[in-house]
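First chain A sits with chain B, and in the next complex the same chain sits with chain C.
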Partner chain A sequence: MSDCSTTPFPIHTSDNRYLILDINVIPILREKYRILGHMLGTLPQIPQQNVFLGLPMQLLPEEAKLLVDQGAAYLVDSKEVYRDWYKSLGEEEKEKILEERKHAEVMDGERRKQEADERKRKFWEKKRLDDLKKQGGETSLEGGSGSETPTVSERPETPIQTEYVVAAPKPPSGSTEVPNVPETYPLFKYLHEKEYYLSSGLRFGANYVAYPGDPARFHSHFCVNSKQFDEEFSMIDIVGGGRLGGGVKKGWLLGGVENTDESGKDNVRAFCVEWGGF
Partner chain B sequence: MAATTSSESGLLPKASSIALAPPPIPPTVLETDPSYPLLKPILSYLALASSWTSITIHTHSPVDPSKRLPRAMISGIPPTNLYAELEDPGQKKEKKVDKKIRREWVLPSSLRENWTLRKWAEVFDLLGDLPPGENGEGDCDEKVEKKRILMGIVGGDGTVVFYFVHDGIVKPRQN
Partner chain C sequence: MAESTAETPVSTSPKVAPQQPRKQQTKKPNYGIIHKDPLPLTITPTPELTLHNPLSVAHFLYSYFFAANNSHPVPLYTGTFNPLTSSVHITDERSVNDLWCRGFFGKGNLSRSEPTWLIRTQRRLGVIGADENLTSEEITERRRNERREFKAERARAEREKLEEILAREGKLTREQQMLAAQLEEDSKAASEDVDTSAVPDLSTLVAEPEARTNIEFENQEHLQLSLEEAFFLSFGLGSLQVLDPDTKKPLSPAQLLPLFRAHSYCPPLLQGVDPLQPDDPFLVSYAVYHHFRSLGWVVKSGIKFSVDFLLYNRGPVFSHAEFAVKILPAYEHPYYSSSHAGVARKQRAEKERTWSWLHAINRVCSQVKKTVILVYVEVPAPEQLEGKTVGEIMKLFRVKEVSLRRWLPTRNRD
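Moving on to the complex of A and B:
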């Protein structure tokens, strides 16, 4: 997909999640649109690890809206696309897919069974050798048989045939569907326009974390919290926010929509809080 | 009257660098001013504990003297520059020599009250880049990109803490 930098790319939506399924889109999002997303896919065998995550990439609703508004992406309802694709299949093809899945399951089961057998065999082999050693110090007599490495049965090299069916994205129709975004969106957009990279601020107890460049190369500058312009907050929040930001070498940025002009554009104003230092 | 200076009291002409009492609260500060009960602990802290000098109390906007500030504010000169601006490492040495200490705004507030973004916006809109000095003129010609104030928050037991608030996006100090 070399043309995905020019054409709008699909964002697959499902249950208010916004997913990117094409790996080629991700570097473009990052470099051209300063959109970070969040990798979701993990390894089926080790679902707990979160060091190596891959596709799909989930976007914040704010990120998805930004892309859709810029005309860089369009939303695709995963459920609909899947349903259409399934309907388009003939009976024979459905059979074939089912058959393949079944085959894959059987093969997987067999492979596991073989592995378990192998472990058992090794265990008993080791036990037998240990017992021999215990019986007499003169194991050297039987050294020949003792050092004999148990023949490891070849792991069955049967690659499981998995067919990834990625539903073909439909071309951008005139759909006006736009992601639902939280109230914090205007501040998100404001900072994004100021060339900040933004990611979820959950880890720092904020709405967003703002980076002055690619997070792979820069430390973040701000914990970002959005407020309504007349929303009351307690003084202890200022102390807490300023302190928390300072503790992780960040400023604490508070902002909101000060007013909306006639054209409907939100005018955002932001304030940065830092500990006074005395 | 836009500003009242502490030096009017003239109690200690010889030892002016060491304050023994906080500057008095000028009569221009009304008793209904939200700052009124907060000025004393903040002034004491600044003058006595932190050795600030040239402390001034402002009740009207320095930009437009016809407008009253939402609450009385304090300005003063701290003993050292409070906010070490980020500079190019190469330039640091020569610049340090004759840099004047910047006069700071202090906005009194109480831990018990609630705050809003609009309150900050109102305050910043009435302030110039730098607080006027004792003679009504700026005593530091530093170039200001973003206005800043120190929020002095008075706790229940008289503890005062200070937080910088910048009007706009300001890259944080490298702590």
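Moving on to the complex of A and C:
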């Protein structure tokens, strides 16, 4: 995609996940739309690490809705896109792809076998040398050095991975699908309009965490909790919230939709609880 | 948190005033003797029995059948139920003292935990010396003051060091020097202000030990028992008599149960209007309270950490609480999956438990180094309660504990 800042970009949906697959979109989301998302992709060799994460980026449903409502993005059903692309292929192309895949598998198998053989050979070689050393220390080196043994055979070339780029579908004209969002959306939108960066607050036992600027530069200010305006909740939750915020130097923010005016706009009010520590 | 005050070492600056020699630690009272009874009951062990010694057999039989003293306190401790605070108030000195010393029941209404208002007031009025019978509130306050002074001193030393360097490098203009001097004076004045306002200087207030004043005043404090504590003492142990606030007549456990369960709701239910429910907050939490008390734990309210109970190994004076208990009613009985009303009740209760709530209490409790225990209480069906006595009702509850710990893949790799 050449210029994503002007054109709406696709959000791929699958199983109620909202994914961004284009890396060029991410900085724009962050700078222009104050949308953080979070990275899902990890390193194939060390799948359990979570220090280096990459594409795809997952958006919260709230974030996706905000983008769609602003006309910055549109939803795309990943499954359908893939199906359409596959249908569009001719028989020959399909054959070709299958052939390539098979070839890659074979190559991979051969490479593994060779590596295993190599390891085995090295082991026996080392064992032979050790035995020789034990038998007569002074004569050990004559037949042993690596020069005589055949050098490691060249690694077979790794098969070339062919990338099949599924072209991003064109934005649908007319009405677009809108993500389903939880009840906490109005508060999310309210704080987002107040130029806060919001991310999921599960770590802090809240709905969201609000940052006054880019999280790379600022600590968060609030643990955001959304409630119905007349919802009853236990007083003990305020104690917990106050302590929770105090412990990590945040305010514990509580908010909800007070009323909805004629034009359908939600009037949100928010309150902040801080641990007094008298 | 206040509970972990590992003081960081003073910076190496020579300007820091040498640390005053630490005041002699006031001797702690011997808590082992004061709190030797785990519960307000007296246990008289029977003498050792030697079968071939007729004297021993006679002694044994005598003490077995004619026990010298009652295991219950005589007369029973008395408290009055207070509907406004939904608690039981204990005002007579013997009951207050014994209930705190033997099992750590209740809380002083003017104190953090142990009723210490009298001691603190006596000290303020000069009836007792500055370091006599220090209460836990005073110890905490002193520690915080020390810490505050230490921090102010450290900040001052660091600033002086910085100014010294600047002066040596000639970067401090005359104006700045003036400003710095001014600032210093201000801060000195401010810190003196803080010291005198926040911390009444005890040495000036308290007269010398010889010149003690003798002011007579009444103890304004009473002990508050939570509903669970009062019910345990009255129904579980039989050591406490709870009086009706109006008639001043003692209430039996069968009368207390409907009263207490009505007051476990906010606002309290009208008595006699709604029938007893199997998942009444009081019934469920009393089942848990009784469970842990019978296992020997000292159970105190956990409201300050947003949980239901805190479990102390021997008592709050001996160690910090190890566990934080959160009660979750579990609707396992077939009634809650088959009948319409049962399913609705189950869903209503489970709606309140969200993941973020669990994360929140776990975070709050791990900040203060407590392990969260989720206690599932299996709730019986409503029809099981009909026509049962208090003891039979309590037998219907089953308690299961699940310990919870925050697990981080990066920190727990061992």
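One rule holds for everything that comes next: the second predicted complex is superposed on the first by the 224 of 278 C-alpha atoms of A that agree within 3 Å, B and C clash if a C-alpha of one lies under 4 Å from a C-alpha of the other, contacts with A are read in each partner's own complex, and residues count from 1 in each chain.
Just so it is clear, a residue touches a chain if its C-beta (ideal position, glycine included) is under 8 Å from a C-beta of that chain, and two chains touch if they have at least 3 such contacts.
From a predicted model like this one, the values you see are computed outputs, not experimental measurements.
In the superposition on chain A, contact is made by A:G201 with chain C only, not with chain B. When the two structures are aligned on the shared chain, A:P215 is found in touch with neither chain B nor chain C.
Applying the stated contact rule after C-alpha superposition, one finds that A:V239 touches each of chain B and chain C.
By the touch criterion defined above, A:P8 lies against neither chain B nor chain C after alignment on the C-alpha atoms of chain A. Touched residues of chain A, counted separately for chain B and chain C, are more numerous for B. In the superposition on chain A, A:Q48 makes contact with chain C only, while chain B stays out of contact range. When the two complexes are overlaid on their common chain A, residue A:K249 makes contact with chain B while staying clear of chain C. Touched by chain B in one complex and by chain C in the other are residues 234, 236, 239 of chain A. The touching residues of chain A, when paired with chain B in their complex, are 191, 194, 212, 221-222, 227-236, 238-239, 242, 245-246, 249-251, 253-256, 258, 269-278. Taken together, the chain C residues at the contact with chain A in this complex read 1, 303-307, 352, 355-364, 367, 409.
Those residues of chain A that touch chain C in the complex are listed here as 48, 50, 201-207, 225, 234, 236-237, 239-241, 243-244, 247. Taken in their complex, chain B has these residues touching chain A: 50, 78, 82-83, 109-118, 120-121, 150-151, 153, 161-175.
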